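Presented sequentially are two complexes of chain A, the first with chain B as partner and the second with chain C.
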Partner chain A sequence: MPILRGTSKKKGYYFVIFGCGRLGSRIANWLSGTGNSVVVVDREEVAFQSLFYEFTGFTIIGDATELETFRSAKVDMADFVLVLTSDDNTNVMIGMVAKEYYNVPRVLARVTDPNNIELFSEFGIEIICPTMLAVENIEERLGFNESDEE
Partner chain B sequence: MRIVLIAGTELAYHLSRRLQDKGHQITIVDKDEEFCEVLAKRLKKATIINGDGSKRHVLEQLELNVDDLFVALTPNDQDNLIACMLAKKVFKLNRPIALVNDPDNIKVFRKIGVSAVVSPTEILSRAIEDSLFREQITNLIPNSERLSVFRVEMDEDSPAVSKKLKDLELPKDSVIGAIIRKDEVIIPGGDTGIQADDTLIVLSNPSVQSAVFTILLGEV
Partner chain C sequence: MADIFIVDPQVNVRRLIKNILTRRGHNIYTFATSEEALDSIKKGDRPVLMFLDLKMPKMNGFDFIEKLEELGCSFPIVVVTELDKPDIIRKAFIMGVCDFITKPFAPQELTEAFENCVRAEEGLQKRVRQIEKLIKDEKISKATREIRRLIKDFPDSPYPHYLFALVSGEDKKTKHLKAALALDENFKGARELLEKKEEKDNN
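So, the complex of A and B:
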């Protein structure tokens, strides 16, 4: 599957990642290691400790609900914005600002509460729900879907 | 009319007291259970609901009606935005009102579709600026964020009087666009001198406006 639908292939993409927790830092390390430009934003400086020594991107300490933070992260230039903080409402607001205000081609936001998925999908951002992914994975392992178990 | 307030801050309490007196029916939704109990004691006539007002299942309990007035007052802009978006999209309320803590977010809220916004920060900062500025200074476009346009009245003691514009050392990103002298309007150049009783129209980037005032009028 192509990583980036709707963007032209070039040497590397410009990613802005909001939230440098367990998920954010892993994705940042991976994207940076595969030759993309990466900017990671988090409110807490200690969060950046989980980035690898080889991480070549930039880190920005800032509150992602402030436009100033979007400006310093140059979100307007981004090919891709990944919103991975731990708060659903924050993620959706960041996602909507990236999409509606900065016209970022692709915006992916993490939403933990499955009840939020339907509503937030209407707002034009792509949603990833770790809870539902785990649910699906568990269902699959338990064999409740129509896969041919031996 | 029923008024639904999201977040039971002190602000919500005082608002409720006033609105109740005018005969409105108040419902307050707040996350903090203890504070809900306090509110329930203080506001005997209001309905207090413990829950996160930016969650759909909480709002569903309220049985919202399209005519209800919905106000999101939490200290977090993101929660207010989501609560109002829910009220609008899911519950079809006409005009939910959002409190916006960071004035920069006003344009974000409007762009996303929450057009009724109130920013206490902006109201306060305007009040503070107004009381800081001397009577000689009038903000001509108070709503402008990127450009400051001020009318500045010179008197005999103003440090800029009897100087030429080019000698004033005004900061970059600022310009004296016009001088009103008696009934005449002068578009000044570098050699134009400033006289007592001139009125200057000053355009600048907001970040340098106070530096401009200091040069023209002395320490504010």
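So, the complex of A and C:
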């Protein structure tokens, strides 16, 4: 599902991204480069080194398990929250708080373990599962499909 | 389309504000320090609105606002800063800033602040024109009432004093014109009227 689908058109969105690893930093660079206001949150200052010089957003060093971090990032004003840390438990907690407590219109989280997909979906969090994406991609490259199996 | 100044030491913030407002068709001029912006203003450049950070390397935002007051600048200022202590916010509003935004900010915070501040300024201009028409039509008592209301809504503006000068007797005219010029030394209408008055008095 395209991330901007289902949202009203306006000039520039406000994104809060939790986790500035390889995935988070690339997404942050892309979103800020396309004219959005982006806030990236990470526990480690060194993580922000992955951001480009051209990155036009904000960085916050903070623990996402603390509400103060959510307040500093102004999650209540976010059009989108992207939860991209490497830990599923942290991601579900952040996603839940963003969705239930701050009523963020769109919350998208990374899920490492495909067994957790259902749990995330129960809270209305949109998921991106690298494992499942890799599986689908490999299936597609190998050229198998359901009709072949029969 | 409006000319907007951004004074902020952080390049990412300058770029972000520029991105958001350029897409709305405004002309953006960015400055990394208060001194750079001050040089431009001293050359006669006047923005419709200025976004200003308070945390600056040499001359901080508060000192810069004071300098602008000394120069008689009356354009609206929106503070955009990571400083969020209540005493800082209070001080900024006492010094006459139009709005206060903390970093990080959403694009709508920025555009709302811009629209509200510019609309307030435009509202002032519209009311000034209405009062000038009342004076032209010689409805002086009604004009005076409207000027009193105007000074309540815009205490930092030179316009109410200028308009008072237009409706007051010769003895009080100079006082009102000097008050208008104290608030904005480049106020052309007040300056011309005062020069005419002084010339007439000397003759």
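Points to keep in mind about this one:
What we mean here is this: the second predicted complex is superposed on the first by the 141 of 150 C-alpha atoms of A that agree within 3 Å, B and C clash if a C-alpha of one lies under 4 Å from a C-alpha of the other, contacts with A are read in each partner's own complex, and residues count from 1 in each chain.
Methods note: a contact is a pair of C-beta atoms (placed from the backbone, for glycine too) under 8 Å apart; a residue touches a chain by one contact, two chains touch by 3 or more.
Not measured: the values here are computed from a predicted model.
In the superposition on chain A, A:Y13 makes contact with chain C only, not with chain B. Using the contact criterion defined above for the overlaid structures, shared-chain residue A:F58 touches chain C, although it does not reach chain B. Contacts of A:M77 after superposition: chain C is touched, whereas chain B is not reached. Touch criterion met: A:E100 reaches chain B, while chain C stays clear of it. By the touch criterion defined above, A:V39 lies against chain C but remains apart from chain B after alignment on the C-alpha atoms of chain A.
In the superposed model, A:V92 lies in contact with chain B only, and not with chain C. Contacts of A:R141 after superposition: neither chain B nor chain C is touched.
Residues of chain B that touch chain A in their complex: 54-57, 76-79, 81-82, 85-86, 89-90, 102, 104-105, 107-108, 111-112. Within the complex formed with chain C, the residues of chain A that make contact are 10-14, 32, 35-37, 39, 54-58, 60, 73-74, 77-79. Those residues of chain A that touch chain B in the shared complex are 65-68, 87-90, 92-94, 96-97, 100-101, 113, 115-116, 119, 122-123.
Here chain C touches chain A in the complex through residues 12-13, 15-16, 19-20, 23-24, 103-109, 111, going by the rule given at the top.
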